[in-house]
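One structure below.
Chains here go by letter, A, B, C, D, E and F, matching the order in which they are written, and residues are numbered from 1 within each.
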Amino acid sequence: MPYINIQVTREGTAPGRSAITEEEKAALIAGASQLMLDVLDKPLESTFVVIDEVPTENWGWGGLPALEFRRRRAAGKP
Amino acid sequence: MPYINIQVTREGTAPGRSAITEEEKAALIAGASQLMLDVLDKPLESTFVVIDEVPTENWGWGGLPALEFRRRRAAGKP
Amino acid sequence: MPYINIQVTREGTAPGRSAITEEEKAALIAGASQLMLDVLDKPLESTFVVIDEVPTENWGWGGLPALEFRRRRAAGKP
Amino acid sequence: MPYINIQVTREGTAPGRSAITEEEKAALIAGASQLMLDVLDKPLESTFVVIDEVPTENWGWGGLPALEFRRRRAAGKP
Amino acid sequence: MPYINIQVTREGTAPGRSAITEEEKAALIAGASQLMLDVLDKPLESTFVVIDEVPTENWGWGGLPALEFRRRRAAGKP
Amino acid sequence: MPYINIQVTREGTAPGRSAITEEEKAALIAGASQLMLDVLDKPLESTFVVIDEVPTENWGWGGLPALEFRRRRAAGKP
């Protein structure tokens, strides 16, 4: 009976993509479910996985919106 | 002071509907709040209910995206 | 495939009790699951319910810890 | 390592706005992160903030959808 | 910046254990973080994993407390 | 109607303390509620704050349990 909630920013993993693909979502679902089976012997049919995609401006890190945090870190600014 | 979070797949309950209706949402809110009052004597005014609608490809069960899991189960495949 | 998370303060509903009873938890589970069946036709076997019990000092309302908020409201203080 | 999830209804704070602005989101992120630093000495770089915007019909209070609850309260109805 | 919340019942995976072990928790953390790296190329240092252990009587499935649901399913009862 | 969930590791902020104090919890509740009022004009009485304290071995960062991640970072290990 595991429930796994995966929260990620709504971004693509390759140029031209604005969000994760259905294949990537299926891979996350399969991987997370398999992890429960491998580590805790929880059957796949007893595991829920829910993926939340969060707009980048709704995600904060370092006190900043995510993209601004990344820009500063890339520019070596604390 | 209960907080109830209801997560469901973004699907309609009747042909032609792609999501739950406002009436259904109001019924979920009323039912969940009433449940807190009936079981734990929590006043309605002290209960929050939040409904999250999750795209079907973002919900996994049995290691598969929800719709694929349903197809296989309907076809009798483990 | 509904997932319902019920968060309540860790308090009893009768004198001498410091938390909700197993019977009350079973009633919350049954009621929440039945609500999904009644409103959205979701089978009971596809519904997870998770109850979180939160220490009262970890729950805030009105900018105050829950019990302090209640004391002030009972005393008619804004 | 704090993780802060802020759930608000998807509404604007001024006429003509249907949701909170990017500036308001940045202020929530900055304020919540600073709060962790001020109270618990958690560095900004170790704090995640995630803002969920919930459609008003998906938020219940007093057993009613949020806007209906507000209407009744404004009209002095219990 | 993924945030992964893993909710499992507070049970051991072997006789005599009443909860998952620290090694199992570390394996869940490592596996979930690696999954984000493998599928979405998210660096390990940008991933939070939080494991919630839920008392079995606080987890419902099939409208029943988890252990009761398991007993009935094992006994072939619907 | 904001709902704010603050998740922190169960640790004290000073030697000899194994968890955050009631005063610190009250400060988090007050600060988070005030933030909603300041930024989004949400009345204090319409804001819930829930603080979850997570055992350190249940929190992962960088693919490691929190304390191990800190040790390695303090020792300059990637």
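Here is the rule we use: a contact is a pair of C-beta atoms (placed from the backbone, for glycine too) under 8 Å apart; a residue touches a chain by one contact, two chains touch by 3 or more.
Just so it is clear, the structure is predicted and the values come from calculations on it, not from any experiment.
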item	value
Chain labels contacting subunit B and also subunit D	A, F
If a chain touches subunit A and subunit B alike, it appears here	C, D
Proportion of interface numbers common to subunit E and subunit F (over half same, under half different)	different
Candidate from A-B, A-C or D-F with the same interface as B-D, over half of contact pairs in common	A-B
Chain pair with more C-beta contacts, A-C versus C-F	C-F
Gap in Å, rounded to a whole number, between the CA centres of subunit D and subunit A	22
For subunit D paired with subunit E, centre-to-centre distance based on mean C-alpha positions, whole Å	29
Contacts with two or more other chains, residues of subunit E listed in rising order	1, 3, 7, 28, 32, 48, 50, 59, 61
Contact graph of the chains (line, ring, star, complete, other)	other
Chain pairs that touch, as defined at the top of this document	A-B, A-C, A-D, A-E, B-C, B-D, B-F, C-E, C-F, D-E, D-F, E-F
Contacting residues of subunit E [partner subunit D, same complex]	1, 3, 48, 50
Residues of subunit F defined as touching subunit C within the complex	22, 25-26, 28-30, 32-34, 44-45, 47-53
Contact footprint of subunit E on subunit F as seen in their complex	7, 52, 54, 57-65, 68
Residue numbers on subunit E that touch subunit A, as the complex places them	1-9, 13, 20, 24, 27-28, 31-32, 35-36, 38-42, 46, 59, 61, 66
